[in-house]
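So that you can tell them apart, the chains are marked A, B and C in the order they are listed, and the count of residues begins at 1 in each.
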Amino acid sequence: MSTTELSSDARQQGTPPGDLAIWFFIYAELLAFGVFFLAYAFARAHHVELFNDSQRFLNRESGAINTVVLITSSYFVVRAVAAIRAGLARQCARWLGGAIGLGAVFLVIKLFEFHAKFSAGISLSTNTFYMFYLSLTIFHFMHVILGMVILAAVMVKALRGGYTAEQHTGVETGASYWHMVDLVWLILFPLVYVIR
Amino acid sequence: MNNIENQRKQFIRPCTRIWLALLALTAVTYGIGHMELGGTHIVMLVLAISFIKGEMVAGFFMGLRHTGLLWRAIMAGWLLIVGGGIAIAYLIGLK
Amino acid sequence: MQYKSQAVAKPYFVAAIALFVGQILFGLIMGYQYVAGDFLFPEIPFNVARMVHTNLLIVWLLFGFMGAAYYMIPEEAETELFSPKLALVMFWIFLVAGALTIVGYLTVPYAGLAKWTMNDVWPTMGREFLEQPLPTKLGIVVVALAFLFNISMTTLKGRKTSISLVLLAGLWGLAIFFLFSFFNSSNLAIDKYFWWWTVHLWVEGVWELILGALLAFVLIKVTGVDREVIEKWLYMIIAMTLITGIIGTGHHYYWIGAPEYWQWFGSVFSALEPIPFFMMTVFAFNMVNRRRREHPNKAATLWALGTGVMAFLGAGVWGFLHTLAPVNYYTHGTQITAAHGHIAFYGAYVMVVLTIISYAMPVMRGRAANSDKAQVLEMWSFWLMTVAIVFITLFLTAAGILQVWLQRMSDTPLDFMTTQGKIAIFYWLREITGFVFLLGLVLYIVSFFTGGDSKKAA
């Protein structure tokens, strides 16, 4: 049985792309973020006016641009996976590079946002809203960094010819993690920046 | 499944459409935020949009569309529980 | 035994069990003092008995970890220990220093002990679990460094495996975080903040790495499951440990004067701390289910499975019960805390050390497993000690709930001592159960001397 048949067998069995271990990890991350999101929502319920007032000073434009940046970076990752599935390792690496680049854009925009807030004297202790805003976005920020590191490792291996059309679990594994980082932001942005 | 043409048909083209849809939905969410709209209906709309976006990323980008029921159910379940919890908390806050 | 130098583990294990007995005896003394406060006063006041009980626990577990490492590392690295002689010298230094410290606690009034051991030069005494005089603390650092040097050099010159690397990381972490016990701020809030960098980051941090490595090692040996499978589980478990436990430290920062956001961070992250323990339980049962061989050491397998379950129950479930800030506000510093502390330490660390001893001792004595008679006795001791701890936990939990209600939540709260009088019945029940535990421990020791036909390798 060739490995190509093996992968379509696996797909028929219905397991998600990439190493199963990363999916366990992804669920753990979603659990952690999920708990955090719910904590925000229920804390807000007890301080509605405070949250509404403080939320108005968030930079919604940065948040929206960052959403577009992450969604597009996820799309690039999709293109990378498509490329390696067709055996095009260099193309895969280029798409991954693009995704990492967009990740860097996200980080830079976020840093400007944080700088603006910190310069205005806002910190974790300012009020409950800002405590959540800063913790959630900084926590997410760190996951973007981790995701970029993972994608970079995959990209390097792809450039060195470490993946083929038949064997590229690593690419799918890294891709899945990156999509999770995107998915989390897709909840975070409306929750923290928009819902009032 | 191996050549790029197959990939284009089965994977890239649908995902490109999903990407554009995600951008459009983001614009709607941003618009709502920009106008500082609030209230139950708006918030339920925003949550519904977020659920759809989540399902799109999970189903198409992550490829869960082609997996077994359990995997899709876990992801949908997470989106529903978190989204539902947020909705409930919002309603509690309205009182 | 694959490598001759693994034999240095034996004295460490023997010392561990001997100190364990000492720990339990002092526990029984305190249990009685709870209901008859003058017992052994003034020769062994409660606070002295407590220092002896808790310090003995930590020291015997350290002996257990060191013995485990000296046994496991040569086998994992596939080479003899770097210096068996150093290991034996350190054994005696640690044992004598430890014994002298305990003698010091028992014979010298604490303030005097502090004066004579130069605590005014560099104050480190006077805090829970870290009551050791400065010389003892420095001695621990020296012994730890020599130990780490020995096993690190062994690993460096041999094969590196996931188990040995995780174990080393845990042990190095143990040593590094112990250094925080030397920091003693005059600001009480800061002092408490960093005290937890030793205590929490030990038992809810690097010690879990040690626990995972020991469990994984024994499971590979008794089940024969593929190393890769077990190693993958191990990495996932320790990843979850660190992810939840590091910021989870915040569940000790609720009421000490730290910023309020710790009530959020601590609650959210520590609520997830049961996850790695749950994984360890599933891991252990899964590996045993998929076993490729019927290892003759049934007792060790029982200890391994039991560790998973009890660690999850004690550290995970009982920890979760009082980890959220709104709950902890009422339960902080009550018998709920004591209940959790006892079952968590027993389930996670006592049991994993007994697991590795159960596996390794027979091998060091020249057989794959002990005789049926000895194993049955050992398994009796397992059940007696484990069931006893469960009941102790239930009694203390009941005491704690009643205490929280009477002293903190009721419309007419009672003072501390009156409340203690009202929950005394649970203390009596706890003390009686404590003797059952001691019986289990005695049977455990007897099992080492029980004869019969030993088991050869399967």
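Keep in mind that, in the parts below, a residue touches a chain if its C-beta (ideal position, glycine included) is under 8 Å from a C-beta of that chain, and two chains touch if they have at least 3 such contacts.
This one's a predicted model, so the numbers in the text were calculated from it and none came from an experiment.
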item: Longest centre-to-centre distance from chain C, chain (CA-based); value: B
item: A-C against A-B, pair bridged by the larger set of C-beta contacts; value: A-B
item: Whole-Å separation of chain centres (CA-atom averages), chain B against chain C; value: 46
item: Averaged-CA centre spacing for the pair chain C and chain A, given as whole angstrom; value: 38
item: Gap in Å, rounded to a whole number, between the CA centres of chain B and chain A; value: 14
item: Residues of chain B defined as touching chain A within the complex; value: 1-4, 6-8, 11-12, 15-16, 19, 22-23, 26-27, 29-30, 32-34, 36-38, 43, 46-47, 49-50, 53-54, 57-58, 60-64, 66-71, 74, 78, 81-83, 85-86, 89-90, 92-94
item: Residue numbers on chain A that touch chain C, as the complex places them; value: 21, 24-25, 28, 31-32, 35-36, 39, 43, 124-125, 131-132, 135
item: Residue ranges of chain C in contact with chain A within the complex; value: 232, 235-236, 239-240, 243-244, 259-261, 264-265, 267-269, 271-272, 275
item: Residues on chain A engaged by chain B in the complex (per definition of touch); value: 4, 7-8, 11, 13-17, 23, 27, 30, 34, 37-38, 41-42, 44-46, 48, 52, 56, 60, 63-64, 67-68, 71-72, 74-75, 77-79, 81-83, 85-88, 165, 172, 175-176, 179-180, 182-183, 186-187, 189-191, 193-196
